[in-house]
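In the part that follows, the structures are each spelled out as structure tokens.
First chain A sits with chain B, and in the next complex the same chain sits with chain C.
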Partner chain A sequence: MSAFSPAGLLALSGALLSIGLFGILTRRNFILLLISIEIAINAAVLNFVYFAAFAGATGGLTGQAIAVVVIGLAATEVAVGLAIVLALNRLRGSINVAEAATLKF
Partner chain B sequence: MDPLAYAPEFVVLAAALLVFLADVLGVRRLEAFGGIATGASAVAFALVLADLGTPVLSGLSTLPAGVLDAPLGPGITSFTSLGLVFQAIFLLAAFFVSLASLSRPSAEAGSAVFFGLLLLATLGMLLVALSADLIFLLLAIELASISTYLMVGYSRKEARHLEAAMKFYIIGALSTALSFFGASLLFGAYGGTSFYGLGPAATPIGYPTLALVGYALLIAGLGFKVTAVPFHAWAVDVYDGAPTDVSAFLAGGTKKMGIFAFFLVFLAPLLILGHTPALGPRGFASALQLTLGIAAVLTMTVGNLLALLQKEMKRLLAYSSISQAGYMLIGVAVASGPAVAGATFQVLAHVFMKTGAFLVVAAVASLGVGPLIEDWRGLGPRRPYLSLSFALMLLSLAGVPLTIGFVSKFVLFSSAVQAKGPFVWLAVAGLLNSALSVFYYARILKTIYLDPPAPTDAPAAVPAPAAGIGWGRGAAILLITVGIVALGIYPGPVLSGIQAAASQFVFVGG
Partner chain C sequence: MILEELAFLAIAVVAVVTALLALLTRELVHTIIWIALFFVDLSALYFLLQAPFLGVLQLGVYAGAVTILLLFGVMVTRKRIFSREAATGIGPGPIVLAGLTLTFLALGSEELPQNGVVVHAYDPTLLSQTLFNADGPWLLLLGLVMLSALAGAIYLVREGRE
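Presenting the complex of A and B:
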């Protein structure tokens, strides 16, 4: 195992997080928005897996276990998001987020 | 660990499963679901009070001796007095909301979903208060958050509610991604995620920047949950668009778990990193403290200024709720035992004031009054008891003496003045903001009591003569009003209990 040099990995996971956040803030199609959420959460999963390799025996197992749990969490989030958007689609016939703008900021 | 120690959590979980099971088996009575939810939160509340050592109830305690306030270890849960106090506060909010929701229309669809999710969200909040591990904490927050996204849209019939649910969901997912990314960086910096490993036993592996960025992302992620400025904009839309009973639970309940999460996540680095130079520069802790202090001042000021401009009752209450979160953040920034006690008492006060205020709004809406503040003209003479309760809640929010809001602000601001360190500016900002907030509360009181009622020739303005607010809602509002006045006049026992719990909190002073 090489020395602990997180710069390269952090560039990758930071880029994933940024892409995800950018998508969450700009996408108007709800399905693409869900994909952006997945990308952002998986940036954290990648970090956990990578850091696990350097965290010693128990810490390593912890990191991998956390990664699996977070993947499960991300799936739950998406299921809930789909439930909300399905209900909205029944009322509206559209999954465009921008059309859901009755509420003002 | 003895499973019986988790008795309150098991009660709430069992009640949630029972509600969903009854729904599957074809029970269609709102009273049944509401009764289960109200009863379970009352029982769990009694169990938590027993664990805290309340004399009358101490026979009920299921906590093994020596577990409470034990030194922090590497486990994922820990029982702290302050955590139990927060559990009691969460259960109080759940109790009030489920009691009031018994007065919802009995034939309403989806009531099982509403009460079941209310219980699941409460379970998540209870687990937050027991967390001793960052990942456990974030998962517990997720349990509560995901339940509340669905609660906002549970009716599935009104586009307005579903839009609010969607906004809430998108912002919540954003906050989840930020929090978990921050947690992964802390895991990288310290090789573990338990608060023990992040605090007393921290062994950084040489990348302090990782920890700094990790904490910054956690401020952002958790900031969304407590509606700290600049992460507050969603709250107004969601509280406004959600069914009002759900808004009461969001403002009075789930937002408070964010405050406790702030205590857990930030008090350890502030106090432990701050006082042990080997673990990092002192500047790191001061920078965190300064950031949190600025966030507190911004939150209260922006919340109050925008509240001044609002024309709708629910939006005004939402902004006032944001400003109240600013007062609570003072406790995190000052990070002393008395300040934590002050913030905790403020959280307790806020449960009474804000849950109560939203429940009154729900009751008034059920009388056929519109959403604008001016629709409430002349309500005082027509509905004297309801208006009196609402007036007391608003006076308490403004911090008028003899109400619980005065006591909480007094304790909080004086702790900021007394704390070692330059925190007087936080107290001054809090006092100025309290003065500012009096303007909009007084405007509502003037509208209710002094302005002439709306012209009665408009048929929509005449409420149905037989319409009442329902006994459940009435009872909840009555209990809250009594609590506001009773704890305002005689806060002694509760306040000293909270102060003792805060001074024993493992992350304070230790």
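Presenting the complex of A and C:
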């Protein structure tokens, strides 16, 4: 049993979300883009875990159950993202997202 | 009590520093190492928040599988694995946007309860009951999504595409 201040916990996930957003907006390498998305998703999962902890076992463990589902979805997303990386590398010879502009108008 | 606060502070600092280093370092392989440290650090936070099942899941899925997948992606797409990234300029836009997000979150934090919230340990049986009884369809849906993602990934990388 231990006590935590909610503001500190939420500040951590807010900071991680900002870092992920920063990476998504500035990086041009597809793998770095995937990593930024993972950081942002982890910030969201942290929030679910906090509020499940605040509600306690009597308040239900729905937050932790959702966190389990989100972690699985994020792992799936990385697998599909890497398939896109491989296809992009074969088609363009580079994984720079700025060069994959065929659909851009 | 004070010990947990200190542990949380240390974990939070390590998480922010490793996430930033992962995005700012120029070597992609170093990025993978920092992001693995970030995932291990978050699993320590889950253990601290009395969510041991999620901590183990984070270690297995993120620090294990996702890190290896990302490393595999780096190895396949590079001629030399330790080649450096080209520098990308950081315009003022992203920094302003990240700053605005942080300000917005800081403003909202005044609404939160200011005193500490007590976190109790729980019986892991309860989590499995939540997962498999009430939210059973969610796990089934997750399995279906994973299956279709597998099919999609195979479609994307199959031979014979232009």
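Everything below uses one rule, namely that the second predicted complex is superposed on the first by the 92 of 105 C-alpha atoms of A that agree within 3 Å, B and C clash if a C-alpha of one lies under 4 Å from a C-alpha of the other, contacts with A are read in each partner's own complex, and residues count from 1 in each chain.
FYI, contacts are C-beta pairs under 8 Å (C-beta built on N, C-alpha and C of every residue); 3 or more make two chains touch, one makes a residue touch a chain.
Every value quoted in this text rests on a predicted model; they were computed, and no experiment measured them.
Contact with chain C, but none with chain B, is seen for A:A53 once the two complexes are overlaid on the shared chain. With both structures placed on the common chain, the touch criterion links A:T62 to chain B and to chain C. Taking chain B and chain C in turn and counting the residues of chain A each one touches, the greater count comes from C.
By the touch criterion stated above, A:L82 is placed in contact with chain C alone, chain B being left untouched. By the document's definition of touching, both partners, chain B and chain C, reach A:P6. Within the superposed three-chain model, A:L17 lies in touch with chain B and with chain C [touch as defined at top]. The contact surfaces that chain B and chain C form on chain A in the two complexes overlap at residues 4, 6, 17, 20-21, 25, 50, 54, 56, 62, 66, 69, 73, 76-77, 80, 83-85, 87. Across the complex, chain A is touched by residues 135, 139, 142, 146, 149-150, 153, 156-157, 159-160, 162-167, 169-170, 173-174, 176-178, 180-181, 183-185, 187-188, 191-193, 205-207, 210, 233, 236-237, 240-241 of chain B.
Interface residues of chain A, counted against chain B in their complex, comprise 4, 6, 13, 17, 20-21, 24-25, 30, 33, 37, 40-41, 43-45, 47-48, 50-51, 54-56, 59, 62-63, 66, 69-70, 73, 76-77, 80-81, 83-85, 87-88, 90-92, 97, 100-105. Note for the complex: chain A touches chain C at residues 1-12, 14-23, 25-29, 31-32, 34-36, 38-39, 42, 46, 49-50, 52-54, 56-57, 60-62, 64-69, 71-80, 82-87, 89, 95. On the chain C side of its complex with chain A, the touching residues are 1, 4-5, 8-9, 12, 15-16, 19-20, 22-23, 28, 31, 35, 38-39, 42, 45-46, 48-51, 53-54, 57-58, 61-62, 65-66, 69-70, 72-74, 76-77, 85-86, 88, 90-91, 93-95, 97-98, 101-102, 105-106, 109, 112-123, 126-127, 130-131, 134-135, 138-139, 142, 145-146, 149-150, 152-154, 156-157, 161.
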